[in-house]
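Note that the chains are named A, B, C, D, E and F in the order they appear, and that numbering of residues resets to 1 at the start of each chain.
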Amino acid sequence: MSALWAVIRRDLLLAMRRKSEVLTALFFFAIVSSLFPLGIGPEPDMLRKIAPGVLWVGALLAAMLSLNRLFAADHQDGTLEQMALSPTPLALLVSSKVLAHWLVSGLPLVLLAPVLGLQFDLSPRSLAVLMISLLLGTPLLSLIGAIGAALTLGIRGGGVLLSLLVLPLYVPALIFGAGAVEADISGLGAGGHLSLLAALTVLAGFFAPWAATAALRIALE
Amino acid sequence: MNNRLINWFKFASPQSFYPLAGRLWPWFAALAAIFCLAGLWLGFFVAPTDAQQGEGYRIIFVHVAASWMSMFIYCVIAFWAAIGIVFNTRLSGMMTSALAPTGALFAFLSLWTGALWGKPMWGAWWVWDARLTSELILFFLYLGFIALTAAIDDPRRADRAGAILALVGVVNIPVIYFSVKWWNTLHQGASVSLTRAPSMAQTMLWGMLLMALAFWMYAIAIALYRVRVIILERERHTTWVADLPEIKA
Amino acid sequence: MLTVANLACVRGERRLFEDVSFSLEQGQWLHLEGENGAGKTSLLRIVCGLLHKESGEICWAGRPVAESDDEYRADLLYLGHAGAIKEELTALENLRIAAALGGRKLDETAAFAALRRLGLKGREDLPARFLSQGQKRRVALARLLTSRAKLWVLDEPFVALDVRAVDELCSIIAEHLRGGGMALFTSHQAVNLGAAGRKLRLGP
Amino acid sequence: MNWNSPAEFFAMGGYALYVWGSFGVTALCMIVEPLLARKRRCDAVNSLRREIAANKEDQ
Amino acid sequence: MSALWAVIRRDLLLAMRRKSEVLTALFFFAIVSSLFPLGIGPEPDMLRKIAPGVLWVGALLAAMLSLNRLFAADHQDGTLEQMALSPTPLALLVSSKVLAHWLVSGLPLVLLAPVLGLQFDLSPRSLAVLMISLLLGTPLLSLIGAIGAALTLGIRGGGVLLSLLVLPLYVPALIFGAGAVEADISGLGAGGHLSLLAALTVLAGFFAPWAATAALRIALE
Amino acid sequence: MLTVANLACVRGERRLFEDVSFSLEQGQWLHLEGENGAGKTSLLRIVCGLLHKESGEICWAGRPVAESDDEYRADLLYLGHAGAIKEELTALENLRIAAALGGRKLDETAAFAALRRLGLKGREDLPARFLSQGQKRRVALARLLTSRAKLWVLDEPFVALDVRAVDELCSIIAEHLRGGGMALFTSHQAVNLGAAGRKLRLGP
């Protein structure tokens, strides 16, 4: 138990020490969501329509960008070896790392999303649905991302390979997440989408740590 | 000529700038308070109600001043950055890091008050107008500057990296501004148009100017104050800092 | 306690070594020698279970290692080329976190004492990034003082250390051996750890 | 004089939320920022004093 | 001279050796552009309208993602020190690295763009304008990116900080690039946008290498 | 040729050394000693111009270094802790690219000969990732054989090498000195390079 807690504490400590890290994931989200109007044009009607998609894609990219730091630093300086040699099962340690990753890079996105939603002129109700969908969906992003990060560990150019592996797996999260907000905007009720999203997250919570652990063991060879 | 140059460099040393800043900042703070009171009085009690916008227009008194300051401070940062790169003075780096938070604050205030103004006037918190967009980007530039200098722990390196970023940014600001402007005017949004008071009442103008002056004084005062703290932090191992009365006491 | 029998290792298409056998009892050390590329690092990693072995058997306390994984790992301390040092954390934090990963809580005084013994006094609160190469290595080695593992597996522990630190490390290992521990290490330098051990040469 | 009563002043012709929201946040920021700067200065001075005291003990 | 050529040759060789690298930047571009229709919905009219913006934002993100490898690997293994100590001026070596970066990560985007444009039902003429705008704009992305990459070098968590620094500076490229395609679609003629884009690229070509070199020298301290 | 006068270095808030002066003439070597963290690496990097000096002067061929940068760098070869080895490239490619960065084209036979002399025969075409630690170090050292620089600045060149490689490296440096070269290096081990040189100790 104490090892798990130590891993979470350490990852949060590292995030604080690197100061900018937490904030910059947020800003990436903010900037990407602001780039789209610049690329597409300023008409509010159009923007309102594409808002859920753009915001979810932005969250997804922000979560993804922070993934390649999930295990890479620990791999390079040998901490991962030490984790594999720790008496605590590696899968549990991996789960703590994923949890810490979500706390650092997922949760802040959830909190920032409504502000960005305002840029696209969304209604308060839709903003609430957006937050809920992100709250349910970002852990899924971290969990799936952990598998991808573990698989691409130690492979040079892994960063981009990682996106290649992970983005297709993110598609369901994107569809249900953005779908929930869209359904709400068009008055259809977001319940169905949200419960599917929650189910996916729970499932991934059970299986992803094991898959990531297996992948890590391969990378350590 | 030569004599004057030497004088300037004398004040460019942290050791002599520290007491100078200490003497100056209270004056600027007092001026800020006076101008602010005068401006608020003019703005709220003298300036008449606007014909089109009702009382809502009174946001102008903070909004415009904050917007101006946010842009102006970035230019000052770039100026100090250039000085730092050319003459390699230590003080310039301290000035940039003392000014940046205040500049970011004003950029934020400009966005905030603008958004609060936009909701009643345009019916939306935010539209993708050229001016608003470039102010948003300016805000991001500030944040980038602050994040970059905070991420480097050796102050000398942080200063120089920040200086390069500030200069690159200041070259880009006009480019960004005109590109955004052109982008926006090529296909103007249909539902929104800027409704501005066509000719400002004289008192409004004065209120605005007074508030701008107040913000200006405030920015100078807080920057001087903060640069003193930064000098203390960075020069902690010098003997003159150890001999300062406020440290000895 | 540790018995290694008929170990063979293949990397790429190269057979690095085969039929390597040795055993370590309590209080004994083994110094692995060999030219660069002979396969010393590979052997150590196989013993720790970090690398796949081609053939052979590794037993700890009489039982093959694969079966008693968790217990084995609790008895094991491995220190590789990379020291598992986080550049952003201070020496103190690095040490305490390493202990926590090994499943034990380390209190501050013990950590301070360990760092001091390795000559890092006054550097405890400096981020590791600012430490010199040898100082980083010392932080990693401080783990030896705070762990309760019986088997120490050290890959070139003497590299980058100055003369005084090499002596200190030797006496740390010697203490560990006197306490019934075991040490398996590689080094290109000659080391003197007393009689209860031997050298093993890999390769020609 | 524009206002007949304080209530009218605070109502701002129906724009109270927006006007006071702007002025309030601005005032808040301009109060908090100096306070933060002051705290930073106190921290700096205190740590300097401690350091100097520690140095004196050493000697 | 031979040193410059060697740098380019080496970077291309490394890209080939890491195989996945070139391909994955492309796939990232492809996937991001395909995520949008998923997030936004399938109406063709809407898609045609947002196409230039989405494609350009995709290209921009793909270019940006490959940036943090621009100097990082060379910094870590000491090659950058050797470059700084080389008798050839560092600014020239940096220019070669930027050129190599563009060849590896910019040029392929230009070639792939028309294929992705088809997904959004763009006309052949607009596709041509899209390609030209990318051809003129991607070098600008590499040049500005080099400054950001050099500034964030050796700073942990630099990857996301890099995006924060670079994305605001990318705005003009995005606006003129996407603007050119949009102008063409709406029949206004893309000439103005394109020539502005070209002018910016030429300007950056002169100044960016110097700024990047100055930043690199700081990082090397 | 190389004269260093009254050099001082400050890292963070720590004054590492001050008033360090020495000079190197053709055929001479200088062995920098000192404890871990004494500032040896920092001194070497200052001499190369990679690190900012607090005060002091460095002259090459009688002229202060800052003025004659390009020529100085053409005469200089620096080998740090990191060997500038790309893991994806083969030993041969690594060596040839390093030469090109130094401004010279290296033909294949010369490169092969250099690698062979450092005991990497048969490993020339293996990506560096698969090499052992000592072998990677040898690839980096092969640059010594292919460069025409007069001043060699080597940071712990003997680390991770086996005994035979240490001897070989010594003889390579000795040859360089006989040809009128200079060598400035750090090492925690004792080295024997002949009479034309001395040791300099940093710190207490």
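Everything that follows uses one rule, which is that a residue touches a chain if its C-beta (ideal position, glycine included) is under 8 Å from a C-beta of that chain, and two chains touch if they have at least 3 such contacts.
What you see is a predicted model, and the numbers here were worked out from it, not measured in a lab.
Chains that count as touching both chain C and chain E, per the definition above, are A, F. Listed by label, the chains touching chain C and chain D alike form an empty list. Note on connectivity: the fewest chain-to-chain touch steps from chain D to chain E number 2. Greatest centre-to-centre distance from chain B is found for C, with centres as Cα means.
Chain centres were defined as the mean of their Cα atoms; on that basis the chain farthest from chain A turns out to be F. Chain D and chain F have CA centres that are 56 Å apart.
A separation of 37 Å divides the Cα centre of chain E from that of chain F. Taking the mean of the C-alpha atoms as each chain's centre, chain A and chain E sit 25 Å apart.
In chain C, the residues touching two or more other chains are 81, 87-88, 127. Of all residues in chain E, those touching 2 or more other chains are 18, 73, 155-157, 161, 164, 167-168, 171, 175, 182, 221, listed in ascending order. Residues of chain B in contact with two or more other chains: 140, 143, 147-148, 151, 154, 180, 183, 187, 236.
Across the interface of their complex, chain C is touched by residues 2-3, 5-7, 10, 13-14, 17-18, 73, 76-79, 81-89, 93, 220-221 of chain A.
Residues 18-20, 23-24, 27, 30-31, 34, 37-38, 41-45, 47, 118-119, 121 of chain A touch chain B in their complex.
Remark: chain C residues 11-12, 34-39, 41, 81, 119, 123, 126, 130-135, 137-138, 156, 159-166, 188-189 touch chain F in the complex.
By the touch criterion given at the top, residues 1-3, 9, 12-15, 17-19, 21-23, 25-26, 29-30, 33-34, 37, 40-41, 44-45, 47-49, 51-52 of chain D touch chain B in their complex. If you check the complex, the residues on chain F that touch chain E are 48-52, 70-71, 73-74, 76, 78, 80-89, 93, 97-98, 100-105, 127.
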